[in-house]
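Shown next, in structure tokens, is the structure this report addresses.
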Amino acid sequence: MTTVTKYKTAPLKCWQKGKELRLEAYRDLATGHEQGKLLVLGCAATPYGMLAGLGDFVFLAGEPYGASVAADPPVSIPAMETYEAKGYARDMCGYMRNFLGTMFLDKYYFTGGPFPKFDFAWSVRHCPAGHPKWHQIVSDYQGIPMNYIDDETMLGIDGDQQARIDYVAGQYLDSIEWMEKITKRKYDDEKGIEAMRNYFYNEALWGEINLLNGAIPAPLDIKSMFALMPISMLRRHEKVATEFLTELRDELKDRIANKIAAVPNERYRMCMLTPPPWSFLKVFRYLENYGVVFAGTYVYLINSGEVKFLYDKGTVIPATAPEKRPGWPIMKNREDLCRTVARWRAEHPFQSNLETRKKEYVIMFKHWKANAYLLLINRGCVPMTTSMYDFQRDLNRQGIPTSMFEGNFADCRDIDETGVLDRLETFLEGQGIQKIQDL
Amino acid sequence: MTTEFYRWTENTWKSPDIDWRKGQTITCGIDVGSVSSQAVILVDDKIYAFCNTRTGSNSPDSADKALSISLKDTGMKPEDIQFIVGTGYGRVNIPMAKKAITEIACHARGANYMGGPSVKTILDMGGQDLKGIHCDERGKVTQFLMNDKCAAGTGRGMEVMAELLQVPIVDVGKMSLDVKEEPEPVSSTCVIFAKSEAIGLLRSGWTKNMVLAAYCSAMAHRVVGLLERIGVEKEFVITGGIAKNIGVVSRIEKELGLKVKPLSPDPQIAGGLGAAIFAKDLLLKSRKAA
Amino acid sequence: MGAIEKFQEVLATRHQYAQDWKKKHNGKAIGWLCTYSPVEIMYAAGMLPVRILGSHEVQDVTDRYLFPTVCPFSRDALAQGLKGRYNYLDVLTMARTCSHVQGTFDNWKNYVPISLTYYIWMPQHVASRRAKPLLVQEYKGFVQALEKFTGKKITDTDLDKAIELYNTNRKLMKQVYEFRKKEEPPITGAECMEMVVASQLMDIAEHNKLLEQLLKELPNRKLNRNVGVRLMMVGSEMDDIVFVKMMETLNCTVVIDEHCTGSRYFWDEVKPDKDHLAAIAARYVDRWQCPAVAAEFKPRADRILKHAKDWNIQGVLLYQQKFCDPHEFDIPTLLKMFKDNNIATLVLEFDVTIPFGQFRTRIEAFLEILELELV
Amino acid sequence: MITAGIDVGAKTIKAVIVKDNKIVARSMNPTGFEPVVTAEKTLEEAVKQAGISRNDIKKIFSTGAGRKSIPFADHNVTEVTADAKGMNYLLPSVRTIVDIGAEEARGISSDASGRVLDFSKNDKCAAGAGAFVESMSRALELTVPLMIEISHKSTKEAPINATCAVFAESEVVSLIHTKIDKADIAHAVHDAIASRVSSMVRRIPIEKDVALIGGVANNTAIVEAMKKHLGVEIKVPEKPDYVSALGAALLAAA
């Protein structure tokens, strides 16, 4: 009979504060206008720090909002049904369907009150067809202006990389002009640059926090990681985020030093590539019965976080802010800002092409000292799933076990929960892992 | 010999007070659906006779069967009928029919005849198709929506349930309403999975009535989903076999907050009736032309 | 042999045609996956551009490469590659558009033998003034790659010739479309689709000759068929000619279309410019947009409505490949537009293969709405 | 040592008793609405058949969809693990197992020792499973055995495009309405299932030998169709529906 190592565990000290900061961001959206702030709609990959040049603002990324709704089926299902009744298809972006559903119902999830009316939508087109079209629907419905940047530069793919950076920088420059025009405000370069400095710094911090979970036992459980991630996703242009993330990082270092575990009976480590099915987070608790801990998920390492991959060494380290990188200029004006953002985006792992990404998956697997990858065939997101089978084959080729299931990260109706649990049990059985109580 | 619980009662009806020999126009509509077939005989603009029978695996025979049953002891012979229109799944395979018209147009026309010009929305719940139909005051279709991809929430599904629970299908609706409190709808209306889900529920100690209630409300919910996509305008009627299932109908009414206008003599003959009316139109047209 | 029969023959023997072409011209064939791929440059490189399409057969080879909700077209196209039906291709290219066909390209690159693959990084923010200059740069890279591969320089004369031929092709096909405005179109929707698909498979010079022949034939071409309801087909990729033929036996005729094996593909011409690549880039940035590229609904909707009116249609068949999210975005807007203009619509969702029985019923019922008068 | 394995399936429950690595008894009953009672009964029948007493059984392992509902089982294992073990006992040369049950189909790749290397399953869809055949046979108004028999006589290809069982049923009906020979339709039905199943199985590496097990493995028409779709010879062990139960019994002895 296998013996199970027991680690000591303890709740996260900064948990309450984190929860507050997260909800604050969402609540501000309801009261933003009264506080004289701009309300801007974007997506998780928008470098929204740049908006600071226009003055105070509240930014909403559609994805984390959609995820919050999706995690709450009694709200999510009627929302999606409202959206479907308008003739929109059920197989489109799951986040969007939850977002638009509550917009059509005029029920803002975090207050239950009216849905915020944005001043404008400004996003990046990191999801082919997706976000700009999503915002087009909002723009038509709310009668607000929208603009977007095509920044999916995918360095390494055939062609002239420099020209692509110019193209992206140019679009940012144009969109600043556009913002000045539609808001009738003067854009303050200094403010924009300052906020983006915070943005870069905090993003690297969040990346570093993700990396800390490579320790055995893992100091942070994935559900808490998901719960705290929106701070970095929505507020990383703010100093408060810096304070919190620093506190969190230091607490995690302390937990590591004292071997304080997130899951006391940790004995099998897994990681993911994508977000989880938000209505089905209990799957992680269920797996804890087997002593399975999740070290992290690749997507949030590079979305609202940044790290530096050393491909030749096969390792990963925390990222440094662009201005601190050799050969990068100190930003002085909006031109510098736009060029830096464009180049930073271009070299960001978020933009890695297929082959590079495969390398990164393996590096993270090793860094997180994982035993297997959990892969999601996500009916709610085409781009995140397009190459999933290819990834699986590549991981298996390198001897990395994978367990794959089909579902939807934002539509509880698309998940056969018992089926998925049965699959995982079967997979773990094959790995020689049984329920702790069965031992 | 096991009883086939899915078998609903085949019925036939004849008007006692019409002498068809005095009729100016004698037309007939034959609806060969995937599960049931109907023949409706129209004398002038009155329903003279109709029957409602199960479809076999070959259309011409099913059509013959339907026609001969409805003609039974009327003294009327097939050749006495001046114009026949075929409709339903098998419409292209009805030899005696002069023209084929889709069940969508026919259901609207038949519902308009039975329910009157105020009927604007028709829900046809047939053996394998769900159709939401909008029509004008003359019963002309203006818009329609059909289920594809799966036959969940159709008559066929209901038959499978009846068979599984060993409950005569005619009692399903009544029984489904006889529950202390409304259970959660089954999560899957897909016949195969609803079936295994139902088995699971029974194994966990649910009563047949509760399972039926759960299935009927799941079905109602799916149907309402389809209806909401095309919108429900007053007045609203239901045609097809499921229209006779009070368990589903009452739940649809509850979800829509709208009463369903009852159709007599029989909501299941709407297609055949509509076809018979079209037959009359076409007959008069051809006479005018001649 | 009539021009249309010739088109049909090429469609039926498309793979043989390409291989014969290679022998005859001792040249190379380049397969392309999306209509944003610049055929002018491929042709100028002395290659035969071949559009990769599906075969509309049930298949079970793609499920381990593409997940269940990838569009059937991308699935069917990849299946052809995996089955080795395009083994004669020397190069595979694609201009960046949607994630579905991206999946086809990536898996083809990794799992189907091919000498060279080149991904054209088509800028997607076509409304931005920054798009054209970038696309010119991207084309330069493409040109170099092809020159390196063929060992033959692509000269301005080559580009001139290619642009000239493709512009002619577009002009001639538009002339053919003009005939569809007639009360009794001398050409069916299915035949038109065969013509356009053939233009994506054939040597364009040869296709032009056939078009000239067709334009001579059309004035006195008589179809002994009932025109019935005048329909427009609007939607995503669609080359299911068997389906269109079936539909046109049900008392209707497709007189105009807006999809990527129809007008959306060929309508816009290249405006000549001394900088040839700039001219081509301008064409693809300003072209009739596919929803997978342009975020804005209106420009496309306006062009569709104009066509609908000019060709005097009675109804629209609005269709999409199953799971095609870019088109699913546009459909509600288009439905509203048609409704506001009192144009009846029927929406259909296409799969690799389709249930004919059910589609037939839907189409007949739709046509009955438009034609069945009550006494 | 004597051990037993009980496979609690969606449609039937099977029991196998193994004595010193030899199969000494097999029994099967329809699951019905009270699986525990049926399982008890099925095991008792096997015990009688083996001519032993219930207490002679050292260990009982359960498997199958209802594996967790069996109170008298000492332990439960998933069908995948059980299949690999049972198959390895019957035909050690097998590396790829295709198990088609009433509502679920699996592809399993295992090594020479019967250990699971990888597996795939059908997601929330009965199209690639036994239940499909039955609903089609009803639409065709034929018994399953008759449907299998005529399917071998098919001469023409008939299209069944739908993947959903019920949806396909309406296609079958319209095929019948368009006067297509029932033999060809029956053949098309089996072809449709085989196509679905092989599609799913291809997600794991397919290495020889390949075996088909589960109740559906008794359907010769499907075996034929699977050969065609996977393009390999397909072995069918005797009593293919008992493999999971056998595997469970063997694992109980381990």
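Residue numbering begins at 1 within each chain, and the chains themselves are lettered A, B, C and D in the order written.
Throughout what follows, a residue touches a chain if its C-beta (ideal position, glycine included) is under 8 Å from a C-beta of that chain, and two chains touch if they have at least 3 such contacts.
The shown structure was predicted, so the numbers you read here are calculated from the model rather than taken from an experiment.
Peer 1: Please give the intersection of the contact partners of chain C with those of chain D.
Peer 2: Expected: A, B.
Peer 1: Can you tell me which chain lies farthest from chain B, using the average of the Cα atoms as each chain's centre?
Peer 2: Greatest centre separation from chain B goes to chain A.
Peer 1: Would you kindly tell me how far, in whole Å, the mean C-alpha position of chain D lies from that of chain A?
Peer 2: It comes to 42 Å between the two C-alpha centres.
Peer 1: Using CA atom averages as chain centres, what separation in Å is found between chain A and chain B?
Peer 2: The mean C-alpha positions of chain A and chain B differ by 51 Å.
Peer 1: Measuring centre to centre with CA averages, how many angstrom lie between chain B and chain D?
Peer 2: Computed value for the inter-centroid distance: 38 Å.
Peer 1: Touching at least two other chains at once: which residues of chain B meet that condition?
Peer 2: 89, 148
Peer 1: Going through chain D residue by residue, note those that touch at least 2 other chains and give them in order.
Peer 2: Each of 123-124, 162, 167, 170, 174, 177-178, 203 in chain D touches at least two other chains.
Peer 1: Can you list the chain C residues in contact with two or more other chains?
Peer 2: Answer for chain C, listing residues that touch two or more other chains: 64, 68, 355, 357-358.
Peer 1: With chains as vertices joined when they touch, what's the shape: line, ring, star, complete or other?
Peer 2: Per interface graph, the chains form a complete graph.
Peer 1: Which chain C residues qualify as touching chain B in the complex?
Peer 2: Checking each residue of chain C against chain B gives 344, 349, 355, 357-358, 361-362, 364-365, 368-369, 372, 374-375.
Peer 1: Enumerate the contact residues on chain C facing chain D in the complex.
Peer 2: Residue list for chain C touching chain D: 58, 60-61, 63-64, 68, 351, 353-355, 357-358.
Peer 1: Can you check the complex and tell me which residues of chain C touch chain A?
Peer 2: Contacts found on chain C: 64-70, 97-100, 102-103, 106-107, 110, 118-121, 123-125, 128-131, 133-134, 137-138, 140-142, 145, 291-292, 295-297, 323, 325-326, 328-329, 331-333, 335.
Peer 1: So in the complex, the part of chain B that touches chain D is made up of which residues?
Peer 2: Within the complex, chain B touches chain D at residues 32, 34, 56-59, 89-90, 92-93, 128-129, 148-152, 154, 156-157, 188, 190-193, 195-196, 199, 202-203.
Peer 1: Please output the residues of chain A touching chain C within their complex, sorted ascending.
Peer 2: 86-89, 91-93, 125, 128-130, 132-133, 135-137, 140, 148-150, 152-154, 157-160, 163-164, 166-167, 170-171, 174, 354, 377, 379, 382-383, 385-390, 393, 406
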